[in-house]
Amino acid sequence: MTGTYPSRSTSRCPSDLLSLQELVDGIAVDIAAVMGRGKVADYIPALADVDADQFGMAIHTVDGQFYGTGSSGVGFSIQSISKVLSLTLAIEHHGDDLWNRVSVEPSGDPFNSLVQLEHECGVPRNPLINAGAILVADALLDAHDDPIDALLSLIEQLTGRRPSIDEEVVSSEKATGFRNEAMANLMKSFGNLKHSVADVLDVYFRQCSIVLNCEELAQVFAYLANAGRQPGSEVVVVSPLRARRINALMLTCGTYDRAGEFAFKVGLPAKSGVGGGIAATVPGKLALCAWSPALSASGNSVAATEALRLFAERSLCSVF
Amino acid sequence: MTGTYPSRSTSRCPSDLLSLQELVDGIAVDIAAVMGRGKVADYIPALADVDADQFGMAIHTVDGQFYGTGSSGVGFSIQSISKVLSLTLAIEHHGDDLWNRVSVEPSGDPFNSLVQLEHECGVPRNPLINAGAILVADALLDAHDDPIDALLSLIEQLTGRRPSIDEEVVSSEKATGFRNEAMANLMKSFGNLKHSVADVLDVYFRQCSIVLNCEELAQVFAYLANAGRQPGSEVVVVSPLRARRINALMLTCGTYDRAGEFAFKVGLPAKSGVGGGIAATVPGKLALCAWSPALSASGNSVAATEALRLFAERSLCSVF
Amino acid sequence: MTGTYPSRSTSRCPSDLLSLQELVDGIAVDIAAVMGRGKVADYIPALADVDADQFGMAIHTVDGQFYGTGSSGVGFSIQSISKVLSLTLAIEHHGDDLWNRVSVEPSGDPFNSLVQLEHECGVPRNPLINAGAILVADALLDAHDDPIDALLSLIEQLTGRRPSIDEEVVSSEKATGFRNEAMANLMKSFGNLKHSVADVLDVYFRQCSIVLNCEELAQVFAYLANAGRQPGSEVVVVSPLRARRINALMLTCGTYDRAGEFAFKVGLPAKSGVGGGIAATVPGKLALCAWSPALSASGNSVAATEALRLFAERSLCSVF
Amino acid sequence: MTGTYPSRSTSRCPSDLLSLQELVDGIAVDIAAVMGRGKVADYIPALADVDADQFGMAIHTVDGQFYGTGSSGVGFSIQSISKVLSLTLAIEHHGDDLWNRVSVEPSGDPFNSLVQLEHECGVPRNPLINAGAILVADALLDAHDDPIDALLSLIEQLTGRRPSIDEEVVSSEKATGFRNEAMANLMKSFGNLKHSVADVLDVYFRQCSIVLNCEELAQVFAYLANAGRQPGSEVVVVSPLRARRINALMLTCGTYDRAGEFAFKVGLPAKSGVGGGIAATVPGKLALCAWSPALSASGNSVAATEALRLFAERSLCSVF
């Protein structure tokens, strides 16, 4: 029982057959087949006005190449995609203590369910569902005087441009976010929020209202494909172990209660938002983002999901 | 926005620093720290008699190298690890039709819960929890006159040895498997089982009672690390796409209601059994199996989980 | 079928204004308005064949008067109404020890749900839902060599006629009772059934298949309106306290997950069955039974519920 | 505090054997056996300071007799007992339309659970659990410019004295009522609250903070024992049918998730509050109230529950 370790090549992402630019351009053409399906999020009035008939996609590789297609330069409300970034900041401050207040299991329930939160004494299932992200927002208030400034600074560091916040979306979220109010109060009732519900939700609603485009999001998420370091500068955003763990959370919990199906059909760590964006990583290789506003019943963009599925199928990129 | 696709090397499994043999031998030493924790499954009398103080581990690479340590040659009841093999056979016969009868989402509940099964009209959350595997056993009865013979033949093809079935465990499962009887009857009440409960459970209890050792299990699971082909012979067990999907299911659903934590801490597709074994894959590289009988409350072997965590940490092998 | 209204009027049941015979005859006329609503139980094939267009009603007062209307002499499958009688026998044997194995709370869930049973470790919410009655059947097997004989003897003692069992219904229940099999096995898995699932369900399915008519059921239930004694003979069936408690259970748990609405709209202790019968009591005054096969979604007879509501409204009989 | 037992005896409440004064005095002596069990509500700081070692009880008959014992004249925070009074006012204004927004089924869950509320789209199970009473408070804001003034006026009409509100309890509820905030926001998210969460909770917290003593509460609840009319004045508070229905709701839903057990052991319509009071009715006969601050885990006063059980046992008063 001896032997040598296999040479380090793998066949997990062998798509040299066509260039990535050809690949994304082809997807932009073929995605037309699913455009028109799903519907734009209407529970936040300011989101309901977005034109559903848009699609964009961008890739940023760990060695600094980037590719875009369609409306890859059009900004949109990143919504729940922000949860990965706030988690990144919170982990850096709190370390593993954070996991005493939020679990790392898929929920098996819709993103805004209170059922598990009650059964499990105010401890959210994971940091990528609403309750978990609200908890993370509370944790960020310990770490930063102005958590939103910290988030914007992180994004600026990674993209070179400080993003804007859509104040109309913020107002809209505040005026209609009763479910999030309910979750925050439920966690507060269990003693799992330290700051006031109003302060915590202010952070949460504002982080969701950050506006970015596909190109920027692919660039932002590239640190998760590069062992925690910003490609190019090699500045450390998080440790390699934490980058792996965030990827793991994205895979098991990043696409609401369709995370299993997403892993099954696409096979990449990803985080979706009800603004229609989905950011994903191919660890060791690249980050990518697809966007189209119309959502399936589960809250994931129909066309962005299909675009990522086509990408994985055609590039053979998969963590599996 | 142009560029070339990155060269195909990755850094996802760069552990040339020490040989895999040294790696597993080191784990066998260090695992002593957690031996004694957990307890042997006692709900099946025949399992309760196993000596808890055993540990074994084996690796089988896609290019045919193998490594073993500790009691890697000692046979044990594979229990739920068999679910991956029965799923493999059922997918080959039924194709995607199988997914009309069983979902692909993590359950978020204990492995033997009936709650979701009732709420979701007799459709199990995934094929790797008990209810799902019972459904797969029903599906196998459509595909094979003798599903157990088919399973044993598959294993024989992959290992060169036809395994035995522990008849005492079969009897013990039948005499005490009321929870599984309940699940099968509940699915039957929803019309989701075609065959009689007795016939289906006979298959299920017998597949769980197959006896294999770590070396054999590592060898068996190697097709899932090799795009569906048996290493060496390159015989196709399943298509590459299905191999990826089975790996995805193992990652999101393979370790009961701790799948999220396992992905977070270990980061590899894996399937555990209450016999104390856990089989895992590093897609493109190798399959491995660790075994130790004492279980945590979630039903996963304490020492085998830790062994896989140490393996991932030290080899830097991870899908993330 | 005539008689006079009992002289022991109280403020709770002051319907001297019209005779009880006129009252039930009027209900039989007015019930036509709801005939045709609902549908006959179809999950048991032998029940699905019953003509839906039948209605009967009968009253038996504690001083021995009786009144009937419509098809009050037509026999039907008593189904869950039998649960009150098996409970009566089990309480007499086990006393308060019975309440260690079954609770006395309304379930808030459908009659055949397994969810609470799992959450509450195999202890059914109350003895009048399926799981609870299966538990009671198990308890009866401790008390009687032949629990069915004991039940039939009790009925014979109260009515003067030994009822028959519809063997076709028994076979039908056994062939399709997977949900009940599931519940029994789940309780068995928690150690809350002492006898084999097969033996317990044989008792349960047979008790449900007893055939009685409205007149007999009103006569049978009269002991619960008479402080536990058979009117006339004054033979003690249960103690006064236990009679009160059984009435309480009927009120809070006797009409599946519509017990609250039934108490709200009708205001009498009652037990329904999917054969279309509902037996009820006006404690201190009378017992009554209405029957019509078509059921609402909750499993209660539409016309029998309405008949009892009209009875309570017009007689002003109510426990409230 | 003397009087004679009402002459309108019925078979359901035949306790002429001893006078009601002797009865309550005897209970006050015997209740010592359970004093010291349970603990004072501590989730509202202002309630936690109450001396646990107090007991009072009072009876008010429909013909105007009253009886008291122990600390029957000591005021306490009526808490959830207020839900019966707000429901009475809301029914008068909204009639049966109210039942489109709140159901009439027992919940089977703790009084402050959000689980059913989410599963059932923001429609509370019944008006006597927290969510239901918050809904009723919202409904009262349609009916009255100042719902609290309306409640206080109703009580003043029934007792001759306008009660006070404990402002310290109001502040305490507001500062710690995160669970109620969560429920109100959840209902708001489903569109089942018309007014702002802040306005609704202000009504709810203030109604809970009304201070009354046992004598007053027995007097207040007497209309529910008198077919909806105030004894003496015979002023109609609610119609006879609604009085019966409110009694039905108290019986099936009035003592949190122990309503089944309370019906089983006591057998009277009743409403408890975490201030330690329980008001009950013997329809047609009398209303009564017992109070002692220490609560069981279910939120019902241990000694007040036992006092009512002894009352029912010794007076033979029961609706069953």
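Going in written order, the chains are labelled A, B, C and D, and every chain counts its residues from 1.
Here, a contact is a pair of C-beta atoms (placed from the backbone, for glycine too) under 8 Å apart; a residue touches a chain by one contact, two chains touch by 3 or more.
What you see is a predicted model, and the numbers here were worked out from it, not measured in a lab.
Enquirer: Which chains make contact with chain A and with chain B at once?
Expert: Touching chain A as well as chain B, we find no chain at all.
Enquirer: Work out the mean Cα position per chain and let me know which chain is farthest from chain D.
Expert: B
Enquirer: Could you check if the interface between copies chain C and chain D is built from the same residues on both sides, meaning over half shared, or from different ones?
Expert: Answer same: the two copies use largely identical residue numbers here.
Enquirer: Where the CA atoms of chain A average out and where those of chain D average out, how many Å apart are those spots?
Expert: 49
Enquirer: Provide the C-alpha centroid distance between chain A and chain C, rounded to the nearest whole angstrom.
Expert: That gives a centre separation of 56 Å.
Enquirer: When the C-alpha atoms of chain C and chain D are each averaged to a single point, how far apart are the two points in Å?
Expert: For chain C versus chain D, the centre distance works out to 31 Å.
Enquirer: Can you list every residue of chain B that touches 2 or more other chains, as numbers and ranges?
Expert: Within chain B, no residue touches at least two other chains.
Enquirer: I'd like to see which chains touch which, written out pair by pair.
Expert: Here the touching chain pairs work out to A-B, A-D, B-C, C-D.
Enquirer: Help me check something: in the complex, which residues belonging to chain B touch chain A?
Expert: Interface residues on the chain B side: 1-6, 8-16, 19-21, 61-63, 65-68, 103-109, 116, 125-126, 227, 243-245, 247-249, 251-253, 257-261, 263-265, 267, 269, 283-286, 318-320.
Enquirer: Would you tell me which residues of chain D are touching chain A in their complex?
Expert: By the definition above, chain D touches chain A via 113-115, 118-119, 178-179, 181-186, 188-189, 197.
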